[in-house]
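Each of the two complexes below includes chain A, the first together with chain B, the second together with chain C.
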Partner chain A sequence: MVHTTVGQPVGQVAGPLKVTGRATYTADIRLPNMAYGAVVRSTLPHARIVSIDTSRALAMPGVLAVITGKDIPPGRVGRRIRDLPILAVDVVRFVGERVAAVVAEDQATAEAAALAVEVEYEELPAALTMRDALAPGAPILHPDLASYDGLPGAPPQQSNVLSRRTYGYGDVDEGFRQADVIIQRRYTVPRQHQGYLEPHACLVSTAPDGTAEVWLTNKTPFQAQEQAAKALGIPKEWLKVHVTPIGGDFGGKGSVMDVPVAYHLSKACGRPVRMVMSYVEEFTAAASRHAAQITMKTGVKRDGTIVAHQVRALFDSGAYGAFKPSPTLELMGNTRLGGAYRMENVAVESLIVYTNTFPAGHMRAPGLPQAIFALESQLDALARTIEMDPVEFRRRNLIREGEATPAGEQWVQVRAIETLEAAARAAGWGTPLPENVGRGVAVSEHGAGAGASTVQAGLDERGFYLRTGAPDTGTGSHTIMQQVAAETLGVPHHAIRIETSHTLAFPFDFGVGGSRVTHVYGRAALAAAASLRDTILQRAAAAFDLPTDQLGWEGGQLRRPDGRLVDPFTVIGPVEVEETYDSAGAPNVTGFCAQVAEVRVDPETGKVEVLRIVSAHDTGQVINPIGHEGQIAGGVIQGLGYALMEELPVVDGYVATQSFAEYKIPAMGDIPELEIVLLPEPTGPGPFAAKSIGETPNVPTAAAIANAVEDAVGVRIVDLPITAEKVFRALQRKHEHGHHHH
Partner chain B sequence: MPQQITISVNGSRHRVQVPADRMLVDVLRDDLGLTGTKEACSVGVCGVCTVLLDGEMVSSCLVFAIQADGREVTTIEGLGDPDHLSPLQRAFIENGGFQCGICTPGQIVAATALLTEHPAPSDDEIREWMTGNLCRCTGYYQILRSIKAAAS
Partner chain C sequence: MRSVKYYAATSWGDAVATLAKYPLAKPLAGGSDLLGWIKDDLVGPKEPRWEILVDLRTIEGASGYRYSQGDGLRIGALTPLSTLETAKEIVENYPMLAKAFAAPASPNIRNVGTLGGNINQRPRCWYLRGPEFSCYKKGGDFCFAVTGMNQYHAILDGELCYIVHPSDTAPALLAFDAKAKIVGPRGEKTVPLSEYFIGPRVDVTRETILAHDELMTEIQVPAPQPGVKTAYFKATNRETYDFAIVNVASWLKIKDNLVEDSRIYLSGVAPTPYRATIVEQTIKGKRIDEALARQAADQQMVRARPMSDNAYKVDIAKALIRRALLEAN
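After this line comes the complex of A and B, so read on.
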C-alpha cells in the first residue's frame, strides 16, 4: 500500500514554537498575583519529627504562609498505592522527604524561608540497603502497610517487602543435575535518573470554594487529576488539569509531585502558586529508575540447551511505592528475567523492597534494562563457557512462533531470530577485530502498547482538527496522529491542527505510557478521521439530496457528480465526531530489538570507548521516520549512559551525585557510530501496521556493551556502570590470576 | 541593595532593578517575560540556559544580571519567530534536531554562535562546540545533522 503522508519525514507539529522559544511549558506560565512555593525536606533517612518551628520563616518579609503536615488534612499520594504523605507527619523515611512548605512573593524569598524552618528530629535506625531492610530485626518502614489504599491484595508477610512475585515451571534442581555447565552470578544495577531537562513544575490556582486550576509536567493529566483529588480528599471534578507540553518524560513524568502541596499553599495564601523543583531535588527526591540486585543461576548443556534458570531479583523501591503505576506494584521487567528464551525449568522470585532512601519510579521500559542486563550478560557468559558463538547460542534458544516465554507470554508474528540475524549481519559479526576491541550482542523486545483512548475529529471554519487529552511528551505523538488522520482524509498533514483538552471537557484519557501512543492514539485518530469523512459525506449527500455514493471525497473536498470540487464546510458547516479505540482483541505482538556494540578497551586504564552500535528492530510500519529514528538514537544513548556513566549512589542515606556536574549523562562528544536496521514487511496492530518503538532501544545496550568488554579484554563486569576503575581492577585481578598459573 | 541596570535584549533596551545576586536567567525569564530561555541544572553544565552576551556564548544561570549591565544579550526569541525561522531553526525542524524542545533554545543559540565562528564546521568541530549542551531525547545524531544542514 502506498501512503502519501504516513512514512514521510514530517517535522513536529509544535516545531515552529519549540525552535523559537515560544512553546509554553509549565514553568513558563505566569498568572496575575502568582506566588512561589518551596519545600522543606528531611535531612535524615529515618527519624521522628519532634517539633517544627516556622516562626523565623514566617517573620521574613515577603513570606505569605508556611505549612506543615499537621496544618493540612491528612492525605497520602500515589499512582497506585497511596503511601507517601503530602507532607510528613510524625515520621520521615528518606533524606529529601517533604516536611514543610513555604509560599512567598518571589522564588528567592521562598527558598530562603524554607531554609529558616527549624525541624527537630529524633533519629531512628534506618534500613539504607535492601540487605539491611530484609535482615531479621530490621527497622520496619511501614508498620501500617496493610491499611494503605491501593494495595493489590494482602501485602507480603515479609518485613519491608512491598510486593513479591514468583513464576516458573518444571524442576530447576533436576535441570541443574542435567546441566554440563552452571553459572551463578549476582548482577547489580544502580538508580538511573530520567535526565529530562525540564524539572518537575506545577502551577495551582485555587478558588475559595476549593476548586482549582492545575498546570503540571505530567504525561497523564487525567490520571493526575484523580491522584491529586484522592490525596486532597476532594472530588476530582474540582480539579481542572491542563495538558501542557512536556520537556522530556522517559517514564518520569507520571506523578503529581508538588501539586498537593501547591494546592494547600494556594489555599493558605489565596493566590496562584507555582512550584518548580530544582535539579538537586530532581536527583535526590524525584522518581528515578529502581536499583536492583539480580542473582541468576543458569545451567546449560554443551549443545546450548538451557536446562535450568533460577532467579532472585530484588528491586529497591526506596521509602515509598507511590511512583509505581502498575496495579500489581511490580515492574514490567519482572516478566523478562528469562527473556524470550526457551528454558526447560524456570524458577523466578522477584521482590520490591522498601528502604530508607528516596522513592524509585518508572523509567523508560520499567525494570527491563535491569532484567536484560543481567540475563543477557548471564547468557553471554554461558555461551563463552561452552565455547559457542554468542549469536549462535541465542539463535538456538530464542523462542519461535507458537512458543511461550519463561513468564508465559505468547505472541504471534515472532521475529526474534530474524531481528538477531539482521543485527549480526549489519555489525559484521564474526569478522576479525584489532586487539582490545570486542563485539557484544544483546536482545530484548517490547509489546506494542495497549488500552483505550478517545480522539475527536472535526471540521470548522479554520479547517480540519483533531482533539486529544494526551500531551506530546516530545516523542512527536501529536504529529503521528496528524499524519494518520491526514492519510485518511487525503489532505496534507499541515491541513490538520491539533488541539488538546483539559480534564473537565474531555472523556477520561489514560495518557502516555507503556509505548501505547502510536498504536492506541494512532488507531483512535484513524477511526476519528474516517468517521469524520463518512459523516461529512452523509450530511453533504443529504444537503445535496443525492445518494451518498454519488459524492466523492478528494483531498478533503467533496466531488459532486458534475465533477466540481466543493469545500465541505460551505455545505454542512461545523461537524465534530469522537471515536474510541480499544486494543482489546488486537493480536498480541511484540517488537524485537537486537543490538551489537563494538568497544575498544584501554588495557592501561580500563577505559571503555564505544566505537559503534548496530540496533536492529522489528518495528512495524514507520509512521514518521524522523521521530522513529529519534526514539532509537535517543534510547541507545540513554542505554550507553546506563552502561558506562550514570549512577545515583546513596551514601549513608544521602545521594552523592546532586547535579549534572556529578551525574554524567552522555554529551555529543560521547556518541559512537550508530547504524539502525529495520526489518522489512512490517506487521503490527497499530495504524498502517505500526508497532511501538519508544521503550525498546535503551534496553539491550548495557548488556551488549558489557558483553563487548568481555570479548575485547576477557573481563566480565557485573555491576553497572562499567567505569574505567572497575575494568582496570578486573584486568589487574585477571593478570594476577594468570601469574599464579604460569 | 537593588541596583539599576540597563541591558539590551534582542535589540530592545530594558532598565531593571535587580539585587546584586540575581542571575541573568531570572531577569530574562521573570522580569522581562522572555521564557524562551529555559533553566535546568542551575550550575552551568547543561547548556539549557545558553544565551549570547555581546555575541559570546554564556550560561545565563552563571552570569549575574549586573554583569550584563550595558551589554547586549541575544536570546532564542531574537533569532527568529514561527513565521520567520532562521536557517538553523528550520533545519532543526526538518532534521529532527529536537523532540521535547526544552534544550532546543540553548542548542540553537549555541549552534548560532558556532556557525558565526565556523560557517562550515567539521563533525569534530560541531561535537566539540556542542558538547556543553545536553539533550536527553535525541542522542544528538539529528542535532548534528541539523547543524550540518544549516551550514551547507
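After this line comes the complex of A and C, so read on.
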C-alpha cells in the first residue's frame, strides 16, 4: 500500500514548543497564591521514629505549615500493592523515605525549613542486600504485609519475599544428565536511573470541600487519579488530574510521588502547592530499575541442543513494592529468563525481595535488560565452550512459528531467525578483526503492546482534531496518532490538532506503558478518523439530499457529483465521534531485535570502547522514521550506559551516586556508529501493520557488548557495568592462571 | 536550592576583605563546582552552610593570560579553561598544557569553569558528595571509603581520608614547575605550586594551603626550555565529561638522548597531585627504552597501598607512566 503521511519523517507535534522553551511542563505552571513544598527524608535505612520536632521549622518566617505522618489520615500509596506510607508513621524503611513535609512562601524557605525539622530515631537492624533479607532471622520489613491492599494471591508467610513465581516443564535434572557441557554462573546487574531531563513535579490545588485540581508528571494520569484518591481515602471524582507534557519517562513516570503530600500541604495552608523533586531525590528516592542477581545453570549437547535451563532470579524491590504496576507484582522480564529459545527442560524461579534500600520501579522494558543480559551472556558462553559460532548457536535454538517459549508464550509471524541473520549480515559477522577487537551478538524481543484506549475525533471551526487522555511522554506518540488519522482523512498531518483532556472529562484511559501506544492509540486514532469521515459523509449526504455513495472524500473535503470540492464544516457544522480500540482480538505477535556490538579493549587499562552497533528489528510498518530511529538510537545509548557505566550503588543504605557527575550516563564521545536494519514486508497488529519499538533496542545491548568483550580479549564479565577496572582485573586473573599452567 | 547572598567583588582587596569579615562567605569563580556543592547541601560539623558568594569574575584583570619568551606564561585565575585550551601561544609553546586544559569535563563546563576553580575544586569522593555521609572531610568521624566501595579512591598517600585529587590541570602545571600567586589580608605572595596542596595528614578538611580569606590570583609557568619533551595521558571510564581514574603529566629534559632532568606528576591516585619521584630518579641520566620505562613505573608503584576495590588503578598508573615516558622519548 502506498501511504502519503504514514512512513514520512515528520517532526513532533510539540517539537517547536519544546525546543523554544514554550511547552508548559508541570514545574512551569504558576497559580496565583501558590506555595512551595519540600520533604524531610529519612537518614537511616531502618529505624523507629522516636520523635519529630517541628517547632524550629514552624517558627521560621515564611513557613506556612509542617506535617508529619501523625498529622494526616493514615494512607498508603501504590500502583498495585499499597505499601508505601504517604509520610512514614513510626517506622522508616529506607534512606530517603518521606518523614515530614513543609510548605512555605518560596522554595528556598521550604528547603531550609525541611532541614530544621528534627527527627529522633532509634536504629533497627537493617536488611541492606537481598542476601541479608533472605537470610534466616533477617529483620522483616513488613510484618503486616498480609493486611496491605493490593497484595495478589495468598498472603505470604513472614519473610521479605514480596512475590515469587515459578515456571518450567520437563525434568532439568534429567536434562543435565544428558548434557555434554554445563555452565553455571551468577549475573548481577545494578539499579539504573531513567535519566530523564524533567524530574518528578506536581502542583495540587485543593478546595475547601476536599476536591482538588492536580498537575503532575505522569504518563498515566487516569491511573494516577485512582492511586492518589485511594491513598488519600477520597472518591476519585474529587481529583481533576490534568494531562501535561512529560520531559522524558523511560518507564519511570507512573507513580504519584509527591501528590498525596502536596494535597495534604495544600489543605493545611489553603493554597495551591507546588513540589519538584531535586535530582538528589531522583537518584535516592524515585523509581529506578531493579537491581538483580540471576543465577543460571544451563546444559547443552555438542550439537547445540539446550537440554536443561535452570534459573533463580532475585530482583531487589527496595523497601516498597509501590512502584510496580503488574497485578502479580512481577516484572515482565521474568518471563524472558529463557528468552525465545527452544529448551528441552526448564525450571525458573524468580523472587521479588524487600530490602532496606530505596524502592525500585519500572524502567523501559521492566526486568528485560536484566534477564536478557544474563541469558544472552550465558548462551554465548555455552556456544564458545562447545566451539560453535554464537550466531549459529542461536540460529539453531531460536523458536520458529508454532513453537512456544520456555515461559509458554506462543506468537504468530515469528521472525527471530530472519532478524538475527539480518544483523549478522550487516555487521559482517565472521570477517576478521584486528587484535583486541571483538564482536558480540544478542537477541531479544518485545510484544506489540496491548489494552484498550479511546480516542475522540472531530471537526470544528478550526479544523480536524483528535482528543486523547494520554500524554506524549516525549516519544512522539501524539505525532503517530496525528499521522495515522491524517492518512485516513487524506490531509497533511499538521491539519490535525491534538488535544488532551483531563480525568473528569474523558473516559478512563489506561495511559502510556508497555509499548502499547503505537498499536493501541494508533488503532483507536485510525478508527476514530475513519468513523469521523463516515459520519461526515453521511450527514453531508443527508444535507445535500444525495445518496452517500454520490459524495466523494478528497483531501479532507467533500466532492460533490458535479466535481466541486466543499468544506464539510460549512455543510454540517461541528461534529465529534469517539472510538475505542481493544487489542483483545489482535493476533499475538512480538517484534524481534538482534544486535551486534563491535568493541575494542585496551589490554593495559581494561577500557572498553564500543566501535559500532548494528541493531536489526522487525518493527513492522514504521509510522514515523524520525521517531522510530530516535527510539532505537536512544535505546541503544541507554543500553550502552547500562552495559558500561550506569549504576546506583548503595553503601550502608546510602546511594553513592547522587548527581550526574557520579552517576555516569554516556556522553557524546561514548556513542558509537549505529547501523539500523529493518526487516522488509511489515507485519503487525498496529495501524498499517505497525508493531512497537520503544522497549526493544535498549534490551540486548549490554549482552552484545559483554559478548564482544569476551570475543576481543577472552574475559567474561558477569557483573554490570563493565567498567575498565573489572575488565582489567579479569585480564590480570586470566594472565595469572596462564602462568600457573606453565 | 536554598538562597544565598551574592556579592560582586570589585578588586582582589575587596574580595579578601569581604571574606575576612564574613566567616560564611565563599569565593565564587565559574560556579561549576561550587553551585552543585551548595545545591546538594553538603554540610557537616566542619563544612559550614555557605551564605555569601563572593564573585571573583567581576574583578578587573582577573581573567586573561600573557605570554612572553623571557617570562613565560601568566594566567589570571579567573580565565575560563576553554579560553586557554585554544590559546595560540599555549598550543604552540606548551602543547601539553593545552591538552590538560582541554581534559576536564565537557566543553560547556570548560566555558564557565576557570583555571583557579579547577585547581581549587573540591574532591569528588562520592561519600563527600552525598549529603547524608558525615565523613572526616566534613568534620564527621568516619571515612566511608574504608569500609564501603572505594574503586575510585586513593592508592597512594591516603590516611584518614582517601580522596584523590580531581584536577586535570594541576599535574600538568606542576610538571612545568608552575607557581601560584596568592593574595590575602597581609598582601601578596608567590608559592611554588608544589607547595600549594596539602594532604589529610596536615588538615583533613582542606586541600590547599589557602586560608579562608586568601585567594589564588594568578598561575605562572616558566618559559619553555629547549630539549624538553612532554606527555599527558588521562584514563577514564567515559570518553568525555569524566574525572580521571589516573592521569599522568610528564616533563622530561633530554640531552644527547639521556634524561637530564624530569618532573612527573599523577592525579587521580592520591589526595594531592602526586610526584613520581622514584620514576624521576630511576630515569635520571639514562636513555629511556621499554625496559627502563617498565622498571621505573613498577618501582614507583611499589609505594602503592591499594584499598579493597582499587588495586586495578596501580596497574593503570603503571601503564600510563610507561606510555608517558615512551612518548616523551
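We adopt the following convention: the second predicted complex is superposed on the first by the 739 of 742 C-alpha atoms of A that agree within 3 Å, B and C clash if a C-alpha of one lies under 4 Å from a C-alpha of the other, contacts with A are read in each partner's own complex, and residues count from 1 in each chain.
Here is the rule we use: a residue touches a chain if its C-beta (ideal position, glycine included) is under 8 Å from a C-beta of that chain, and two chains touch if they have at least 3 such contacts.
Fair warning: this is a prediction, and the values are worked out from it, not measured in the lab.
**Q** Figure out whether A:L115 sits in contact with chain B (first) or chain C (second), or with both, or with neither.
**A** Once the two structures are laid over each other on A, A:L115 reaches chain C alone.
**Q** Could you tell me if A:G669 is touching chain B, chain C, both of them or neither one (first, second, both, neither)?
**A** Touch status of A:G669: both partners.
**Q** Based on the superposed arrangement, let me know which partner A:E604 touches: chain B (first), chain C (second), both, or neither?
**A** second
**Q** With both complexes overlaid on chain A, does A:A542 touch chain B (first), chain C (second), both or neither?
**A** Neither partner.
**Q** Give one of first, second, both or neither to describe whether A:T20 is in contact with chain B, with chain C, with both, or with none.
**A** Touch status of A:T20: first partner only.
**Q** Report for A:S659: first if it touches chain B alone, second if chain C alone, otherwise both or neither.
**A** both
**Q** Please work out whether A:A404 is in contact with chain B alone, chain C alone, both, or neither, and reply first, second, both or neither.
**A** A:A404 sits against neither chain B nor chain C.
**Q** Examine A:A724 and indicate which partner it touches, taking first as chain B and second as chain C; both and neither are also allowed.
**A** second
**Q** Looking at the overlay, does A:V50 come into contact with chain B only (first), chain C only (second), both, or neither?
**A** Neither chain B nor chain C is touched by A:V50.
**Q** Counting residues of chain A touched by each partner, does chain B or chain C come out ahead?
**A** The larger set of chain A residues in touch belongs to B.
**Q** Would you please give the residues of chain A that touch chain B in one complex and also touch chain C in the other complex?
**A** 107-108, 278, 659, 661, 666-670
**Q** Enumerate the contact residues on chain A facing chain C in the complex.
**A** Interface residues on the chain A side: 43, 95, 106-108, 111-112, 115, 278, 280, 604-607, 609, 644-645, 649, 651-652, 654-659, 661-662, 664, 666-670, 723-725, 728-729, 732.
**Q** Flag every residue of chain B that touches chain A in the complex, lowest number first.
**A** The contact residues of chain B facing chain A are 19, 22, 26, 29-30, 33-43, 45-46, 48, 75-77, 79-83, 85, 89-90, 92-105, 108, 126-128, 130-144.
**Q** Can you list the chain A residues touching chain B in their complex?
**A** Interface residues on the chain A side: 9, 11-12, 14-25, 27-28, 30, 107-108, 194-199, 245-250, 278-279, 473-476, 626-627, 629-630, 633-638, 659-661, 665-671, 674.
**Q** Enumerate the contact residues on chain C facing chain A in the complex.
**A** 1-3, 36, 39-41, 106, 124, 126-127, 129-133, 144, 147-149, 151, 235-243, 245, 309-313, 315-316, 319-320
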